[in-house]
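Please see the structure below; I have some questions.
Should a chain be cited, it is by its letter among A, B, C and D, assigned in written order, with residues numbered from 1 in that chain.
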Amino acid sequence: MTAVPTGRNEALYFALRNGKLLAGLVVLVPLLVLAAAAPLIAGGDPNAYVATPASPPSAERWFGTTMFGQDIFAQFVYGLRVTFVVGVLGGGLAAIIGMAIGFTAGYRGGLVDEVLNMLTNIVLVLPALAVLLIVNAYLGVRSVGVQALFIGLTSWPWAARAIRAQTFSLRSRDFVDLAKLSGVRTWKIITREIAPNMSSYLFMTFILLFGGSILIAASLDFIGLGPSEGVSLGLMLNNAARWSALHLGMWWWFIPPGAGITAIVGALYVMNVGLDEVFNPKLREL
Amino acid sequence: MTLRVDDLRVHYRTLRGEVKALDGVSFGVGDGEILGLAGESGCGKTTLGKSLIRMDGRMRLAGGTVSLDGAELPIGDDRRMNPFRFKRVSLIPQYSMSAMNPTRRIGRMITELLASRGESVDTAELERRLDLVELPRDILGRYPIELSGGMKQRMVMVISTLLDPSLLIADEITSALDVSTQKAVARTLVEFRDRGFVRSMIFITHDISLTYQIADTIMVMYAGRLAEKAPASVIVSEPRHPYTRMLISSLPEVGVRHAERRLSGIPGRPPALLDPPQGCRFRDRCPLAFDRCAEDPPPIEVAPGHHVACWKA
Amino acid sequence: MRRYFGRKLLVYGLTFLVAVTINWMIPRFMPGDPVQSMLARANVSQPAAVEAMRAHYTSLFGLDLPLWEQYGNFWAALFRGDLGTSIWLFPTPVTDVIIRAVPYTLALLIPSILLSWWAGNRFGAFAARRRWLDNTVLPIGYVLTATPYMWLAILLAWGLGIVAGIFPVSGGYSFAMRPNWSWEFVGNLALHWFLPFVSLFLVAFGGWAIGMRNMIIYELEADYSTYLSSLGASRRLIRRYAFRNAVLPQITGLALQLGVLVAGALVTEIVFSYPGLGHLILQAIQNQDFFLLQGTFLFIVVGVLVANFIIDIVYVLVDPRTRTGIGGEAA
Amino acid sequence: MMLSLEGVTKTYRVGAFGTATLTAVDDVSLDLVPGEVVSLIGESGSGKTTLGRTVLGLLTPTRGRITLDGAPARPGKAYYRHVQGVFQDPFSCYNPVFKADRVIKMIKDEYFPGVAASEWEGRIEKSLKDVGLDPGQVLGRYPHQLSGGQLQRLLIARALLLDLRYLVADEITSMLDASTRIDVLNLLADLKSRGLGVLFVTHDLSLGNYISERAVVLYRGQVVESGPTAAVFGNPLHPYTIKLLSSVPRLTARWDGGDPAVPAVEVSAGPSTLVEEEPGHLVRRSGTTLTRSVS
């Protein structure tokens, strides 16, 4: 039996030995590197017409070309970039809103809770994609940032609900009372006493929101309501479908973008389970 | 002798190694006897109770034998143990408040539970027992959420003893109760024994005063081992083990005032059981400790029925 | 219980109000004169259609009317069932267009949701605590839930449709056929229905299986399970109880997932050119048919709300705790 | 400096839309003076914990008032400088993700930001010594590495860093083992002799009896009996107190020696008042009869 460190190192110790977490990272990190290095790998404009149209993957064009002669690999790596950005911004914004509402409702309780809970429930039952369809169709979305903004504004409710429930149970713990007896102010109690206790939970919430944002963005792009500029994995699928890649048998056009999304989101989900095991001693396998 | 436990060793698997929660415990429980199992947190009393009916996934039988009514209890083998459970050994758990399936009517749950053990419900007997613990008969048509805490507690007591087991294990069942309810529950247990619903009983609690009220014999455990076992009145009036003595003298009885008589506790903490020290485990905290305590003191019968594991006893 | 449903209905009512208000308000955020910019964006060739649009928008935005009156008019039109006239299929009313498409969407959604929920729960419960199954099912489940609906749809269409040639990949029925009640037509419908259904089913299935697996492990560790095991109850009985209790949060989960499932159905329909609401949305966007888009939006919202309410009712029927606890009849 | 409660009442709204009310604490008046332990005794549902939390300002009384030295008590640094609390579950009082001594650091940050580190260390050392803790054993450790008794002492040490006058001790020994809880009780008694006033909230009559000068018995939110501890325990007059005392398991007598004839505890729906039966010994009697039936 090897020695198990105590305290905070414990989490790291188990993280490094958690197969699910590591497997998720093994998939995610290379994609992240690829996305970060997109300009270096794929040159300037992913939409440039650079080669023979509709050619299958080759040593030169790894993922082949579109029927207009755009390099699919270049589109893919630039698309990954957009996907990560949408995930971080959309998921991040949703997490921030979810935390603000969840912490406030859970900690304050009473009427504040009632009102916020009502708001949460309303946004929760509103089908997010349908709302985004209307908003995007009318207002037009030019940039990834705006798309992420709208996604963030519609996808926070379940996070708020979950954080509220957690806060609610932590709020009645004695250490919160003790902080009050020490004269600590409310916001400081929330940020310094309650939030650290659920930091792993918050992180996992963010991961799920991150994955969710990517999926919603992909759907919007696919429908044709994505950012009008640039390239994204969803937009690649949209183009492939619109220009009948399916019927033309150009499988190299529609497989990479979908596989990219699945890999990112799947890796995030599996990491989430792994993290759960790392932070929750009950789930650790013996 | 209903129950015979010999040199029982049960370990907990943890990430840091095996915790020797029970490290060689031997004792017996006679016909019709209520054995009070007392000790402080971590002494192994709950582990002992669990071992006798169902070990959880982290527990491992490291040695020793248990026999009930002359037959060996296969406590280390979950599957082979199953036929004995409920019929021969039964349990009233600590968690009576949540022991019943929340989405089944109680009567139906009992029927299904018994059916899965190849038994059928003797409705007349069940109702008699409900009457005895003062539960309304229509409780069988209710869901657990409709019961008060005290009612759930009594209902679980009735369910657990429905098949008249030879041995009942009651694990800290009164610790969450108010004193008046606690008294009623404890008395009901005695009544169950008197009426033959259970033959003998192990009553596990951290409260020696409460054990003394209903137990025939009290066994005090310390750090995974037996410290002292004797008839209840003997434990209370003439304890021989220094731990028992110090424990009892640290209890403020009604009538004892700080201003008049300052009681004192036992300094120190029990040893960690991951790697327990050699010899007597109470040695570090014991005012009487001497060289010999570096050797394990075996439990010795100092008087009929009075076992003490101490060189000075 | 009355209070429980009262609250739910209040939330749903407010949600509907919010949805209608969004529908009314969003066009106002368009830069410039909404009527002009709307007309400018709509690439409509028929002059009649342009006139219809102008008339509708003018009444909608009623530039000279005070805001609250415009808002009132909007609601009044809604209650008359008037969602405007479709530009794409001019001069069919939007309501008619939608009603024609709804059966297709429901035919995809209802079976795929119910079957994936049922099968996913069964399978998740079966896999839990069986080591090798758990280790294979879980990763597959995660990959499935992470798959974008449209991508799985494309893959299925390509593999089973284009390459293998077993299933048609476009439309609700063959172009050569006219809708009638012959076996041949129904068979043709089913053939076209199958792939989009399977695609929806699979993605949702993964999610339910994982959810159930986690829930049932939790239930198997609950006190009542431990108590039953201590009394030697059969594994079957314990699993049955655990399953039943684990299903309850899955019902709530179904309500939470409705929006995602509907979104999945929309994009899947687009892939297969399946003539449901998703297809309408695509057409509406491509033809700048804003009335149709708004009408579809309202329909989806109402559908989701109704489904939520049905789930609420089912939940109360299934979980005795809601009946006793909320009814305040506890002894 | 006196801490006094006048007619403190706490009601909760329950049921649909708060139509029903639940009175957790009903018109309790009580004075705490320095150098005295008052035990507040009751079973679950008696309102003892609600009352304790109200005194600490963690709950606002629905009616009545709490004053410290004549000034109304308001939750805030000024009040908490003199009035502090220790709770039942020592493990719940510590934020599990931080080290245990954070409770002390919080006091420094909020009350003594200007005190030099070296001087502060000296104060910590002194206060730990006062509660019988070895600084080396508790500082820099995580809560789960300490015992329940150590954690409770550390909380008391934390309170002693302030200009502490009153301590609300809410069931502080009920999660501790018998062999260590008596030391925590003795510690309270020692602090009392140094002029601290303690409100000792407990369900355990023997503990209340052991350390307190005065005892207050609560039943369903109302004071049913109060007075000098010796009087309340030696000559209980209210049927509820009598029943409670007879239910306590003792090591000197077994229950089966037979119960004293315990009169049923009447759930007084009608008006009742506290009547002074002996000097300082108050007993709740229903308004109509003033008979001294039980003795």
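Quick notes
Simple rule for what comes next: contacts are C-beta pairs under 8 Å (C-beta built on N, C-alpha and C of every residue); 3 or more make two chains touch, one makes a residue touch a chain.
Since we're looking at a predicted model, the values are computed, not measured.
Any chain touching subunit C that also touches subunit D appears here: A, B. Of all chains displayed, A has the C-alpha centre closest to the centre of the whole protein C-alpha set.
Inter-chain contacts peak for the pair A-C, counting C-beta pairs in contact.
One inter-chain figure worth recording: subunit A and subunit D are separated by 49 Å, centre to centre, where each centre is the mean of the chain's CA atoms. Centre-to-centre separation of subunit A and subunit C, using mean CA positions: 22 Å. A straight line joining the Cα centres of subunit B and subunit C is 55 Å long.
Centre-to-centre spacing of subunit A and subunit B amounts to 51 Å, using the average Cα coordinate of each chain. Among the residues of subunit C, none is in touch with two or more other chains.
None of the residues of subunit A touches two or more other chains. The multi-chain contact residues of subunit D, meaning those touching 2 or more other chains, do not exist; every residue touches at most one other chain. Interface residues of subunit D, counted against subunit A in their complex, comprise 53, 56-58, 75-77, 80, 84-85, 87-89, 92-98, 103, 106-107, 110-111, 142, 145, 155. Within the complex formed with subunit B, the residues of subunit D that make contact are 43-44, 147, 177-183, 185-186, 189, 203, 205-207, 209-211, 229-230, 233, 243-245, 247-252, 254-256. Residue ranges of subunit A in contact with subunit D, taken from their complex: 6-7, 173-175, 177-184, 193, 196-197, 199. Of all residues in subunit C, only 10-12, 14-15, 18-19, 22-23, 26-27, 29-30, 138-139, 142-143, 145-152, 154-155, 157-158, 161-163, 169, 255-256, 258-260, 262-263, 266-267, 270-271, 281-282, 284-286, 290, 293-294, 297, 300-301, 304-305, 308 touch subunit A in the complex they form. Contact residues of subunit A toward subunit C in the complex are 118, 121-122, 124-131, 133-135, 137-139, 158, 211, 215-216, 218-219, 222-225, 234, 237, 240-241, 246-247, 249, 251, 254-255, 257-259, 261-266, 268-270, 273.
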